[in-house]
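Before anything else, here's the structure in question.
Per-chain numbering from 1; labels A, B, C, D, E and F assigned in written order.
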Amino acid sequence: MSSDRVKTGIKGLDEMLLGGLLPQTANLVEGPPGTCKSTLGMQFIYNGIRTYNEPGLIVTFEEFPQQYYRDAESFGWDFRQLEREGKLRVIMTSPEVSRADLESVGGTIETLAREMGARRILVDSVSHFDQITEDPVELRAVVYSFVNSLKREGMTSILTRESPVLLGADEAEDNTIGFVVDGYILLRYVEIESAIRKALLVLKLRGSDHAKDIRQYEITPQGIEIMSRFEGREGIMSGSPRRMADVFVEAFGKPLR
Amino acid sequence: MSSDRVKTGIKGLDEMLLGGLLPQTANLVEGPPGTCKSTLGMQFIYNGIRTYNEPGLIVTFEEFPQQYYRDAESFGWDFRQLEREGKLRVIMTSPEVSRADLESVGGTIETLAREMGARRILVDSVSHFDQITEDPVELRAVVYSFVNSLKREGMTSILTRESPVLLGADEAEDNTIGFVVDGYILLRYVEIESAIRKALLVLKLRGSDHAKDIRQYEITPQGIEIMSRFEGREGIMSGSPRRMADVFVEAFGKPLR
Amino acid sequence: MSSDRVKTGIKGLDEMLLGGLLPQTANLVEGPPGTCKSTLGMQFIYNGIRTYNEPGLIVTFEEFPQQYYRDAESFGWDFRQLEREGKLRVIMTSPEVSRADLESVGGTIETLAREMGARRILVDSVSHFDQITEDPVELRAVVYSFVNSLKREGMTSILTRESPVLLGADEAEDNTIGFVVDGYILLRYVEIESAIRKALLVLKLRGSDHAKDIRQYEITPQGIEIMSRFEGREGIMSGSPRRMADVFVEAFGKPLR
Amino acid sequence: MSSDRVKTGIKGLDEMLLGGLLPQTANLVEGPPGTCKSTLGMQFIYNGIRTYNEPGLIVTFEEFPQQYYRDAESFGWDFRQLEREGKLRVIMTSPEVSRADLESVGGTIETLAREMGARRILVDSVSHFDQITEDPVELRAVVYSFVNSLKREGMTSILTRESPVLLGADEAEDNTIGFVVDGYILLRYVEIESAIRKALLVLKLRGSDHAKDIRQYEITPQGIEIMSRFEGREGIMSGSPRRMADVFVEAFGKPLR
Amino acid sequence: MSSDRVKTGIKGLDEMLLGGLLPQTANLVEGPPGTCKSTLGMQFIYNGIRTYNEPGLIVTFEEFPQQYYRDAESFGWDFRQLEREGKLRVIMTSPEVSRADLESVGGTIETLAREMGARRILVDSVSHFDQITEDPVELRAVVYSFVNSLKREGMTSILTRESPVLLGADEAEDNTIGFVVDGYILLRYVEIESAIRKALLVLKLRGSDHAKDIRQYEITPQGIEIMSRFEGREGIMSGSPRRMADVFVEAFGKPLR
Amino acid sequence: MSSDRVKTGIKGLDEMLLGGLLPQTANLVEGPPGTCKSTLGMQFIYNGIRTYNEPGLIVTFEEFPQQYYRDAESFGWDFRQLEREGKLRVIMTSPEVSRADLESVGGTIETLAREMGARRILVDSVSHFDQITEDPVELRAVVYSFVNSLKREGMTSILTRESPVLLGADEAEDNTIGFVVDGYILLRYVEIESAIRKALLVLKLRGSDHAKDIRQYEITPQGIEIMSRFEGREGIMSGSPRRMADVFVEAFGKPLR
């Protein structure tokens, strides 16, 4: 079943996705600052090019391309070289322009994607779409249309999204993009034993089963690596989990025997 | 009593509904992204056609029909074939149009429903009605009127609704549609043992008793399947349940005997 | 003392009210969707007619009378027959009209109430008064005036009110009607042992003592029935109660003896 | 020290106040619907007249005097008789009028208070002052000025105030009146052992010490009666207290000895 | 190090401040109604005059000077006498006037402070500055400028501030004044063993260390007195602390030995 | 790897940063009043000059330079002397001016930075940027542009930011600056054993690994000092941690052996 999957090449993540993302789908990666959403996206693009020979695009609405070159370099990924090879393009634009661009026939992104044969795209971040309009109905239509343009071009996309809560449970906020995308990956901070760990959860993967467990992940010199699941904790996604009672019982019961 | 029920054909759900939905009623299915509200609705329509020989309509306000064909296909449901057989129609429209349509004599939905002899309808999703008006009083009147039009046409409807909270307790928000519908099914994420499970609860079924327990459900290659109830947990609907004290006591008490 | 009470005839509820509601009072019944506020009100009206020979009115601001006939029928209450006997009238109106009506001499409700000798009235629901004005001060005056008109006509009223929170603690919202009414009954969902139960609490009964405990209730084929109180739980009204420590202690202490 | 106190004559409350309220002070009594704020105020007025021979005024901004006569009657207090004796006046007015009245020389309240020699006044409720202005700064000035007028007339006042939260912790809301008054009594609902009790707390009593404990109170046929303090509970003022650990320990420790 | 401190003379507080406040600093005292912020400030002024021979000013934006005389009297502090001696002045003004006053050369406060040789000032309360402007940026500039004027005049100030939450955790609100001041003392209510205690915490003391523990305090006939710290409680500043597990363990462990 | 780090010289912090901050990066230090954000920044500047021979700038939007001289002095840091040596400049400006300044060629900050050879800059605080515009999109662009100007000038910056919540979990608020910066350090109050401690957490350090544990820190006569991590507590970042169950178990288990 996974033969037609778009592999992220991220250790542990493809297993959680039962092989990888689905082709021509839009996948949201959401988290607070420092959870390495962009790194995950860059790694998806880099592995696409180097391991699976699929050219990729990075669309940025804030950071200059130089920042991506630098960030990639710290993981040993030579983005400038990939650009020279015609396998990668980092495009800095605005949500308004990239939207108009994709809506018009033969716009920049479309032209580039076709010339390069781009199969993957990282959009960093869709939170910047908020600046197009304050009307939630119009915003949803814009995002939906943008996302579908990417699919129409045959690309599998990772869309990053900024989450405003550092630690603690999510609050009810406008989350329409979560309904529009095909895949939804949550990144969260979790406090455990007086330290902050990072947690990843695949919430949704339209058209496929996926791992349901909440996994730790770390940033290694080679990029993101998915670790084991959390054990013996309740309320992980609240950011401040409790030890589970059974762990307590197991430890406590012993001396009495 | 269940002889006149509109069976969903979803394993376990009809039992929870003591036979099925009630004929000519509107039934809300509410959940956050990835809880498979649309899948539940499509399965209701598919089973209606294939198992109970009741033609059905799908009204969508955002996704293109192609997306439904594709999603259905992943469960082995051939929606194109059903359309060719005249048993199914997937209609993409806007809330404004479908509302006007149903209010007028001989509108598209009415005409189609009569021609096809449609007995079931999936409206995906009523959250899009928010775009008609910002006035909650008017919105309620619109939804009420739309829902009654469906009943008047003799159809049993499933209305999906997007819930903005991913995990955690619901907050007080405008919930007037919950008062307007006849049936109300909640889908929620629940974190248990470091993984995310899905939970289903029948909150309301006007004119009938129903199961009160909170059940796990899973997405199988054949669609949604209702599993056993949760055991030994408190606060499931908060999304982050606690182990119950009696479980603790049972485990703890033993070594002392 | 209970000889002059207006009995609801609902099993267990009159006992909680130490005999019944007080004559010529306004009584609020508040709850989220599916807690059967309307059923409680209809049962109050039905029992009034059949058991206590007191004619009754039902004023509805949204549902058509047919819906009430149908809902009543599912409990074996023949509302059409009661209407034919001149003992019941189901009136569909708007808050604006019914307010003007009651304020004018010889309005519809007043005339009907007098002709029929109506002693009881169900107003379903006062939440619809929100559509009259957005000014909370004016709204309060309108509700106060409406409620007093009903009393002046000699009727004992049940006013239903929609609560927006499905599960979980109430939030601070405008609750002025709670101060205006004479009686205040809360209906709530409670999650216990992985299932959802319904809870009823009499919060206020001006001019009389009343039961203070929180009781379970169920919908039987004969209507609402009040069951036993909850046992061994803390935080019931939060919707997600905890097992109480003493229950724990009792269970735990035994093996050690 | 308590010789110059203004005794409420309410069983248990004067003890909590170390003798009673302080003369010529304004005292806030705040609670959700059904906690009998008005009853407490009427009892203060009634006992003032009958027990301490101090004439009293009741100023109401919503309820008709008849409602007070009726409510008082249910406790055996004959308010009509007291009015005939010239010891009591129940005045229905509006916040605007009573404010202007007190500000002008020889206004109604001032004249009445002097003619009757009124020493006590119940203002039911100051929440109605919200209708004068939406500007919190102006509102504070109005309330401050009104409260001082009452003191200037030599009266000790009880001011009732509506609290919007039924159960659960208070939220941050505009609470400037709490800073303006001399005394501040909180009434709250508390859920204990599956029932709802009422709790009273003296938060503030300018110029005097007072009991700090949270007491239960009940409505008896003779009016409000303060009962014992709560025992073995934590978080009472949250409305949903927990059993305290030491209670648990005491119970649990025994079988092991 | 404490030789140049401005001693409050309040029993236990100077120890917490490692000698007293720092000269020519602004110190915020924040708390809900009834926590005796003004008393703390008056005691600071009174002790300054009587014990340390430092004249003082009291600036009030709401209460009349008479109220301060009366409140002081209940602690045996004769403020009228101090005024006659030229050691104290209680000035009632408005935030606008006192601000303009301090900004102009030779304004009332400046003149008075110089004539009297005032070294201490109580501003009761800075919450009234909210009435100057609704623009938080302007408000911050006003408060900053006002606070610096006081320092420039060589005075050490206590600024009281009203906290809207009675019990329970603080919510995020505009707290810019907390960043502007040099010292920050929190007063809070804490529920312990079914009673309400008062807690004091020194959060900030620019340029000096200070006690970090949360202390109980009481109002005695001589004024505020700081008591021992709380023991064996978690979550004190939430207003509703829990008993700590180790206390539980200590008590529980014993019978087993 | 740490050879090219910009060392803060703060005991324990450089170890948490695996050597120090990264050159030419912007680093946010966020905390409530009294957590010594400015001290941390001043210490970074002071150590830069004295220990690492890197000249520094301090840009302040509210406090006068004199305040920094005084605050520094209390730690024995002679800022006036450093200014005389041309190694330090404390500039008081407004966000608008400093922004325009950095955007123009040869503005004050740019000129100063070049003349002095400034390598470090403290911006105290970026919360004042809120006064430039109420439009979050524009604000984000301004902050992003300002931050990049600092990097372009070759400086490593510490940006302080005010956090409105004293104790308790953060709420969802606008946190776009957290996404813009390269480093993100959180300062928080934590209540432990009836006292308030200070906690520091490195949340983000773009391009490098960092310590994940939550550490206590204290203000010593020499400045900030990072202490040991918290032990045996859950929920530290909520401000009100619980004792962990295993600690409980360890203590409790012993007497039974």
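In this section, contacts are C-beta pairs under 8 Å (C-beta built on N, C-alpha and C of every residue); 3 or more make two chains touch, one makes a residue touch a chain.
From a predicted model like this one, the values you see are computed outputs, not experimental measurements.
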item	value
Shared interface partners, meaning chains that touch chain A and chain B	none
Path length in the contact graph (chain C to chain E, fewest steps)	2
Same vs different contact residues, chain E with chain F, by half of numbers used	different
Mean-CA-position distance for chain C and chain A (Å)	50
Euclidean distance of C-alpha centroids - chain C vs chain D, Å	29
Rounded Å distance, chain B centre to chain E centre (Cα mean)	57
Two or more partner chains touched - positions in chain B	170-171, 173, 242, 248, 252, 254, 256
Graph class of chain-chain contacts, one of line, ring, star, complete, other	ring
Cyclic ordering of chains (reference chain B, direction chain C)	B, C, D, E, F, A
Residue ranges of chain D in contact with chain E within the complex	137, 140, 144, 169-176, 178-181, 184, 186, 201, 203-204, 206-209, 212-214, 229-231, 233-238, 242, 244-246, 248-249, 252-254, 256-257
In the complex with chain F, residue positions of chain A that touch it	32-34, 62, 70-71, 74, 125, 130-131, 162, 164-168, 170-171, 173, 189, 191, 193-197, 219, 239-243, 247-248, 251-252, 254-256
